[in-house]
Structure formats: structure tokens, C-alpha cells
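Take a look at these structures.
Same chain, two partners: chain A is paired with chain B first, then with chain C.
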Partner chain A sequence: MALETVRVQRVRTSAFRWEWLLLVLIAGTFFVNSRISPHFLRYTSLMSALSVFLEAGFMVLSMVFILVAGDIDVSVASIVALASVLMSLSYKAGLPMGLAMLVALGVGTGCGYLNGLLISRIPNLSAIIVTLAGFSLYRGIAYILLGDRAVGGFPSWYSYLAWGDIGGTGIPFILVAFLACALVYGLVLHRTSFGRKVFAIGTNRIAAVFSGIPVARIRHTLFTLNGLMAGVAAIFLTSKLGSSRPNVATGYELEVIAIAVLGGASPSGGKGSIAGACLALVLMRLLRYGMGLRNVPGQVMMVIIGIVLICVVMFPNLLAARKRRPAGS
Partner chain B sequence: MRKVLLVLCLVVLVSLALVSGVWAKGYTIGMLVKNVGNPFFEACARGGQEACEELGNNFIFQGPATPTVEGQIEIIENFIAQKVDAICVSANDFDALVPVLKKAMASGIKVISFDSAVNPEGRLVHVNQADAEQIGKLQVQAIAEMIGYEGEIAILSAAATMTNQNTWIRYMQEELKDPKYAKMRLAAIVYGDDLRDKSYNEAMGLFKSYPNLKGIISPTTVGVSAAAKAITDAGLIGKVKLTGLGLPSEMAEWVKNGACEAFFLWNPVDLGYLAAYVAGLLCEGTITGKEGETFKAGRLGEYTIRKSGDGGTEVLLGPPFRFDATNIDEWKDVF
Partner chain C sequence: MLAMESKRGFLRFASGVRGLREFGIIVFILVLSVLIGIRNPRFLTWGNIHDMLVDTAALLVVAVGMMLVLVTGGIDLSAESVLALTGMVTGIIIKDHPYLSPLLMLVFGLCFGGLLGSITGLVVSRGRVLPIIATLSMMYIYRGITFIVSKGEWIDAHEMPESFKALATGRVLGFSNLIVIALVVYVVFYYFTAHTRTGREIYAVGSNLEAARIIGINTAFITWLVYMISGALSGLGGVMWVARYASAQNDTAAGFVLTVVAACVLGGVSISGGAGTIPGVLLGSITIGIINNALPMIRVSPFWKMALQGIIILVAALVNVAVARNIERTQLRKREELRMVRYGA
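Presenting the complex of A and B:
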């Protein structure tokens, strides 16, 4: 156990440096953006720019846990679609909106539970295979249920979740909800024994098993949690769109994973931080917002984001390679 | 090494600053399309640019990299932040853009849709390319003429979920009920999902399943060119006729080899022109988007705003344009 504590300690300090790198990049982006567009620094625009992709941010939080444990989940966007469609349908069937939102959470949790069950209980079934199956399965069900139709007409208060701000301060409600969630996730990952066990599983799964960590149960919990967060994302996304369709959130899974990785989580496990993920989210938003203000075309934006992602992610690897070498590079 | 990387990152950021433009004095009109890199919308953009130059307005052309409603919401938020004066949007979803477009309208932006409509709640007026009924019926009339009002026909559509195509097909079926088509039979409707290989295979499948097939209608640009290739490859030129909605640049080859005698489409340059013109007039306050208003749209002439099928108002560009051997050369380089 002593050895493991040392390892966790080291991981934590390296993650700390990573966050500084992200902060420098955010400051740089902020500076450049404010120079290239007179609109950038307007408070309301900044706030709405930060909350544009935030519904997916909820999934980034739980995805960090999944990545830290050395797993991956590509089914989240499809879970969002299914949860959103079922929530809308149950509202249309006469359920009060509050209960319909619980349906979304329940559907998300259920899908995540199923993913986790298969992954953790059946030996040698890899997470990528199971969640790839979930990727088609969940959205497929959503298509069967709704086909080409859209369901909408929610009560007007429901749009507050994605569009409202806190008592006229201009701070979006979704931003506050996200920060509260991030705080909880951050504390659990970095300050509890559960979090330490997640790191241990991702660092060396076999060693974790032999140290008496309930690996299967914890992995099962993490996937269930990821499903729950997909349900949360579905509630906010549906509120943003004002209606639901089976094709909502298309492609979100990759953006979620990309942001978690940009935030310092490693797909090979054992590394990652919630603060890093939040900073990565901010960096990505500021980049896209700045480029949007200059009307950079969509394809060019994709290329630039890709370049930024690869540059930032390879940075620590190059540093490590340099350190390992005796002299110079 | 660390320095090199940091410099690299900063270079990327600074390079964003290079995209800069000098604005003219007029209104700023943002055109938002389903996705960028689509020749149809590039042609719309040319028309939009032209209209804005005539009216002395600034023109911004934007679209997400993939045709998603989430991508369009992000761009509309950026339009709001830039304080554009008008937005012309070709929507990826009839309903889902309504909340963000309402926000745009609340901040004083004139919002219209063109090509693919948004819910009337989220727009002032829609610029429609052509009447859905007309589009459906014209294609049936064309294929009937080609096959001499006799024999089996099939429809090769895009995806089964697409609203446009489904509406047109409904009007096709209605037109086919007319007694003059009594000897024609709609044998099948198949879906190529707007993928070239799948559409091609579906067309080939039709030849196998219906050996007496006389004609195919494909109301989608991807489907019609894939069907033309399938007809050519299967050696059925002249035996199976083809019409539909196609892009002249893609169809020129097949018109010339006889696989497709004639097809239809609206002119996307004019569509973009009309949309940007309407947006400009809304900014000036010349029109408000109400039913019955009339205006002159530059080189396109007089238009009247009329009631649309979805409960809002619309401006109709005109009847679909017929492309055949007589005019294909003139259009194949345009779009």
C-alpha cells in the first residue's frame, strides 16, 4: 500500500504542472482573442460562449473517472439521445416535467449500468467493444421510438435550465450547475479513498485486484455514473434545443473524450484530473469562440483544434523523453 | 523543446488573427448553412454575396463542419456576439434552432430561413426554393413523358427520415393517382441514405428485383447521379429512364451519355441572392415579413410574401429549373 501511495502522489504533482500549462494557453487565447475582436470581451457574450457546449461538460467529468481507471466509453452520446427521446415521450404521455426529467436520469443510469455490467462482470470483454455496441444500440432504439419526428412543447420554465441566468446577474444557471458538479467530482476523485482506488485500478489493474480493491464493482459504478451524467446532459441539451430528436448530440462522445484527454487524462489509465478537464473545457470554448468571432470556416476550425490537441497532448511526452535522455535533445 | 512547443501553440493562436476583413458601412448579414464544403451552399453564398454588394451590406458565410444542429447553435451564438443585423439560416432541424433564434431576435437581429425552413416561431419569413407540390408533380410528369405513360417506375430517395424527400414523394404519389397515369405503377421506394455507394447498390438492386422497370425518380442530388452511373454500368441506357433533382456539374456526364434525359433543381445562386436580399430589406425596414407585402428583389424582379404551409410566411423563388441536353453545358460550370 505504501508504494501505491507514493505513485498516487507523483501522479498528482504531474497533473498539477499540466494544469499550469493549460492556464498559460487559456491566458494566451484570451489575450489573442481580445486583440482580434472587439466583441470578445463583452460579458454576456463570454458567458454564453462558455455555456454553449456545457451540457457535454457534465459527461467530461465522469469520463475523466473512466479514463483514469483505464477504460473508455464511446456510447455516451447515444445514451444522451435515448434519454432525451424517452424523456420527451414520457412528458407527451402525460408525466409532469419533473418526473420526465427523472426518466432521463433513470434511462441514462440504466444504460450505463448495462454497459458496466457487461464490462466488469464478463471476463476479457473490453470497454471499447461493449460501448461501441451501446453506441449503435441506444441511438438505434431512439430512432425506432421516434423515427423522423421531433417531440417538443415543454413547459416554459424548462428552458430556464439551458438559457436562464441566476437572478439577473448574467451568470448562466448551467454554468453554476456544472461548477457544483465539478466540485463534487473533483473532491471524490482527488480527496477520497474511492478516488485513490480509481487511480490504482488505472495504474495497474492486476495489482489493484491483489491489493483487495473491488475492481469489478468500482468499474461497474464508474460506467453507471457515466450513464447518469449522460442523463443529466440529455436534460440540459433538450432544454437548449426545446425539442428532442433521435439525432441529438451526434459526435459528442469524441468531443467529450478529447476534452478529458486535453485536460490531462490518459486513455491508458492512471492519469487525469477534474481541474484539468475543466480548464480544457474553458480552453476549447475560448478557442472556438474566438475563431467564431472571426468567422473562421468550420473545416478550418476543425483542423486548428486538431493541431492544438496534438501539440498540447504530446508536450509532456516530449518533456519526459528529454528527461530520460542523458544530455540535450 | 518546451519553448519550441509553446511558440508553436502561440503561432496557431496568432494565425487566427490573420483572418481579417474591412467592413463596408451597411448592415451585416450572416448566412448560416447546413454544413460547409457543400457545392450547393457555396453557390448560395455566391448569390448572397452578390445581393449584399448590390445593397451595400456586409456578407458573412458560415456553417458547421458537419451538418448538426448543435454546430449551428454555436455559430448563431457567435453571430449574436458579433451583433450581426440579420441571419439567413438553412436549418438542420425544423424545431431545435427555435430557442437560440428567439434569443437572436430578442437582441434585435432579423432572422429568416431559406432552403430548409425553421419553425415560424423562430423566423420572420422563409425563402422557399420551390413549391413542394410542384417539385413532386414535375418529376412524375417528366418521367411519364420519358416512358410514354406506361410501365413500372421506382423512387430512389435519400434517407427514410428526411422531411423534404418524404413530402415530395407524397406529392408524387398523389400525382400518380391521376387517370392519365393509369398504366404506370410505382413498384418500389428505396433509400440510398444520400451515400453514393449505397444509392448505387439500391439502384442495381432495383434492376434485379424489377426486370421490367422503365423509370427511376431520384429526388436527391446524390441519388440521381448514383442511379445514372448504375444505369450506365448495367448497360440499361435507353431502357431505364431517369429523372430527379441533381446538380448540373455532377449530371453533365450522364445527360451527355443519355442515362438521364432531364432533371430539375432550383438555382442555388438565385436562392442565396433572394435570401440575402430579403434579409437586407428587412434590416432597412422596407418589409417586415408579413403576408401580402410586395417588394422588388434586384435582378430577380417582383415578389409577394405569401402564407406558407407551416403557418408562417414565405417567399417563393420560382418553379424548379429544368436541365437537359440543350442547356447543361451552360450550367455545368456554375454549380
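Presenting the complex of A and C:
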């Protein structure tokens, strides 16, 4: 009992340090950005900088759960594409927009359910291969349905989801929706027994099975949840773009995983926090925004984000290796 | 004595199952070919089969490197970007120095790709970054660098000298050079994986990392080595690709890594490590090549390709898992029988 408390505390404090580090980085980026451009500190541009990539932020929340449980899902971006395409097609087929949005949620959940079913119920089938197949399959179906066409022409109120703000305060609707979602996810991960079980699965899956945790059911739930969030992301992304194509959200899976990892989640499981992921999301946005101010091309940003991701994962490992060496000799 | 016999029996059975799997792919290839041939007789002509092999040559080469990485339990998603970057750099060099020998460019591709791969290998082996994270990042880094070195432009057929394009059009004994290159790679790596100490150590690392470390295998070196080889072969594939299509583009081979993984998994390579053979990868790649070549011939829209690939990966992975479980179960039964014989029931 006492041992367990100590354990939990140690995990918390180390997560705390990580989040402080992120805060310092955010402050640094903030400072540099405001030196680069005088417009950066304006309320409206700040709000838009924060809300630009938020549709993917919804997937970051559920990705943290998946990483904490020691799994990975590289199919999310493809699920977004399929959900977006099917939503637009069902709207074109005469469904009211509200129902079409439900279609997107349903498609996302369905894809996630399928991923989870295969991964959790068939032993030795790894999440990497299943979601890699999903990566190809889901976007492939979107291509079969739509080819290289685009579908648009949604009702005008639909664009409010991504572009509107709450009653003239200038606070974007999507930001509020995201914060509400993040609060729920944070409470579930850090304050419920379900969340503790997810951590237990990621720390030691076999031990989790033997302590009576329904591992297969929880992993299945997590992948389904991730699909649902991809559906949510599809709704917001399509609203932002005003039309949908099979190639929307290309490369989002890297960005989503990168943000979750930057936020302190370990892909080998057992580590991660929602607060860290949210801070990492802000940091990534500010970085991108700042680079945008300096006209850094998208490809260079790709390189920088890749390097940042590798360094973030490698740094603690190298430190640990250095610490271990003198102790071992 | 009895134990020996039983062990030998098991080995025979296990290799039988493995042989059965390769036999299964061969049957699948034959049935597929006949079915496509019925729809479009032109498919079974020698000219088309040769073209199909030329188109598959780069896949064949890259898949060997991917197999080695998969055998250690990793995955190399950066292979396609290494291919694109090496192809682009090769294109730029050959554009500025058209007098260079194509053979030299092949060697350059191997070395340059090997360099890129060894960086990835260091990140995985020394930096202890999970392969999927490390190679996903490297995939984006190398792709970004491709855009940077090319300044967003591509290199056309007319900017390349004839001697370089002859790499793909030239023939040895009636076979395209590209097929010959792929063949050499397969012979070398068949020998490497089946008959050298280092080659066998790769399997040991993939089967049980801890055990491999304890018996004295330098696991960090082996891990680095497979990523280096995967990079080198992807680089070679890049030069072959650029010669074949006579153009180097920024989005060369985007999404190609899925095809490579599909070929490996189809060839019986286990994604969790420890299992995979060179003949299996050869057959898996050829199957993918046939499907890619046949789709337009039986008038299936190219938009089907991506979804089809996903289904192939999924089904092949399911078959692999079922085969592995079958072997395990047989192993267990044999062990039980042995114990009963020894100690009585």
C-alpha cells in the first residue's frame, strides 16, 4: 500500500517536471514570436494561432490513452478522410446536415471498433500492422468512393463550427469545445479507476491481466474511442475546409503522435498526461505559427518537427543511460 | 535418442509448414495469373511478365532491407523517403555531371542510402527510440530534405544522359539490368541471412533480445546494422527507380513503404520479429507486383489500389499469426508427448 503511494507520487512528480519544461518552452517561443512580429500579440491573431490545428487536437486526447496503454494507432488520419468523405456524400444524397454529422461520428467509431476488435481479440496481432493496414484501407475506400473529386456546398451554419466564435467575445467555438473535451478526458485518465487501469495495462500488460483487469475490453474501447475522436476531427476539419476530398488530413497521424509524445506520453506505455498533451499542442502551434511568420516553408517545418520529436524521445533515454552506467560499473 | 528423433521430427514438421506457406504463395500466384490471363491474355506474354518484373525490381530490393528490420522486431517507415532523397540527389548529380558512370551511381546510391539508414539505426540502437517513432520521424525529415535539396523542382528525362537511362533499358542475357541487380541482391542476402554468423544473429535478436544479449551477441550493433542495410538497399532502390521512370520527383514513392511492408508480410515475415525468409520476400514482392501490374489490365480503377493493399496486409498478417500459432501448438504437443514417454503418464 505504502509502496504503491510512493510509486504514484514519483510518477506524478516526474510528469510535473515535464509539464514545467513545456511551459518554459512555450514562454520562450512566445517571447521569440512576439519579437519577430508585432502582430503576434494581438488578441485575434493569438486566438486564431491557438485554434488553427485544434481539430487534430481532439485525436491527440484519445491518442494519449492509446499510448499510455502501450499501443499505437497510425490509421487516425485515414479515418478522418473516410468519415469526412462519407459525411459529405450522405449530405449530397439528401440527408440533413445534422444526420450527416452523425454519419461521420458513426463511420469513425466503426473504423475504430474494427481496429480494436482485431487488435484486442486476436492474440499476437500487433497494433502497428493492423493500423498500418487501416491507414491504407480507410483512405483507400475514400478514394474508391470519391476518386479525385471534391464534395462541398454545405449549409452556411456548418462553417460556424470551425470559424465561429462564442457570442462576439472572440473566443473560437472550437477552442471551447476542445477544452471541454480535454477536461473530460483528463478527469477520466487521471481521476477514475478506468484511467488507472489504462496505466496498469501500459506498465505491464500481463500483470494487468492477472490482476483481473479486462485488458482486451479496455484496449477495444480505447481504439473505438480513438475512431470516434477521428470522426469529431472530421466534422471540424470539413467545416474548416468547406469541402471534403479523399486526401484531407494527410500526415496528421505523425503530428498527432508527435504532440502526444511531446506531451510526455511514452509509446512504450505507462506514461502520459492530458495536461502535458494540451501544453504540447500549444507549443507546437506557437512553433508553427512563429515559423509561418518567418516564412519558413512547410517542408522545413516537417524536418524540424521530426527532429524535435526524436530529440524529445531520445533525451531522457540518453540521460537514463548515463545515470545507469556509473552505477553498474 | 528418442529426444533426438522427436526433435528432428519437429524440425521437419516446422520446415514443412514454412515450406507449405511458400508453396501456398506459389499456388496463389499461379491461380491469380491464370485468372488474370483469362480476363486479358496479354498478361501472360513474356513481354508483359518482363515489364512486370522491371516495375517490381525496386520493390524487390527495398523489401529485403525491410525484411531484415522486421526480423529484429522493428519497422523502417523511412525507407520510402530514403529512396526519394537518394533518387533526388542522384538525379541532381547526374544532371550536373552526365559523364559519370551509371555503375558509380549505383554504388553511390548504396553508400548514400546506407549513410541515411545508419543515422536512423543510431537513433534506434543508441538513442533507444522505439522504431516506429524513430522511423516515422525520419520519414518526414528525409522527405523534407528532399524538397529542400531539389528546391521544389523535379528532374526530367531529357536532363538525364542516355547512359544513365540505359540502366533500366539495357539488357543482360535478355533480362533488364534492373532484374539482374535485384537477382544479385537476393543471392547475396540469401547467403547472408542463411549462412553467415551475423545473418543468423539478426534472427536471434528478433526472437529473444535478452537471450541474444546474454549469449554475447552485440545487439546494439545488429540493430544498427539492419537499419543501415535497409537504408543502403532503399538508396539502391532509389537509383533504380529514377533510372526506370527517368525522372526524380519530390513525391517519388510517397506511400511506397506500405507496399514494401505488404510484400514482406505477404511473404511470411512476422511483424513481431524472429521470422522471415528471403525466398518468402521474393514471392511476396512478386505477388504485389502482379497485382499492381494486373489492375489496369483488367480495367480496375487505380483508386482501388490503396484499399486493396490494406486488405492484403490485413489478411496476410492474419494468416501469419494463424501459422505461428499452429507451429507453437504443435511444438507444445510434441513436448507433452515427449514428457509422457519419458516419465510415463
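We take it that the second predicted complex is superposed on the first by the 295 of 329 C-alpha atoms of A that agree within 3 Å, B and C clash if a C-alpha of one lies under 4 Å from a C-alpha of the other, contacts with A are read in each partner's own complex, and residues count from 1 in each chain.
Everything below uses one rule, namely that a residue touches a chain if its C-beta (ideal position, glycine included) is under 8 Å from a C-beta of that chain, and two chains touch if they have at least 3 such contacts.
Since we're looking at a predicted model, the values are computed, not measured.
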Let me test your reading of the model: by the given contact rule, A:Ala133 touches which partner, first (chain B), second (chain C), both or neither? second
Under the stated touch criterion, which partner chain does A:Ile72 make contact with: chain B (first), chain C (second), both, or neither? second
In this superposition, which partner touches a larger number of chain A residues, chain B or chain C? B
Contacts of A:Gln299 with chain B and chain C, given as first, second, both or neither: both
Once the shared chain is lined up, is A:Leu318 touching chain B (first), chain C (second), both, or neither of them? both
Quick one: is A:Ile307 in contact with chain B, with chain C, with both, or with neither? Answer first, second, both or neither. both
Does the superposition put A:Gly147 against chain B (first), chain C (second), both, or neither? both
Using the superposition on chain A described above, determine whether A:Met291 touches chain B (first), chain C (second), both, or neither. first
Tell me which partner A:Pro267 touches in the superposition: chain B (first), chain C (second), both or neither. second
Interface residues of chain A shared by chain B and chain C, listed 143, 147, 251, 297, 299, 301-302, 307, 318
Touching chain B in the complex, chain A uses residues 24-25, 28-29, 32, 35-37, 39-40, 42, 45, 48-49, 52-53, 143, 147-148, 150, 152, 159, 162-163, 237, 240-243, 245, 247-252, 287-299, 301-302, 304, 307-308, 311-312, 315, 318-319, 322, 329
Where on chain B does chain A make contact in their complex? 1-2, 5-6, 8-10, 12-17, 19-20, 35-37, 60-66, 68-71, 73-75, 77-78, 80-83, 93-96, 98-100, 103, 160-163, 166
Chain A - residues contacting chain C, complex: 72, 74, 118, 122-126, 128-130, 132-141, 143-144, 147, 251, 254, 257-258, 261, 267-268, 297, 299-303, 305-307, 309-310, 313-314, 317-318, 321
What residues on chain C touch chain A, complex-wise? 75, 123, 127-130, 132-134, 136-141, 143-145, 147-148, 258, 261-262, 265, 271-272, 301, 303-311, 313-314, 317-318, 321, 324-325
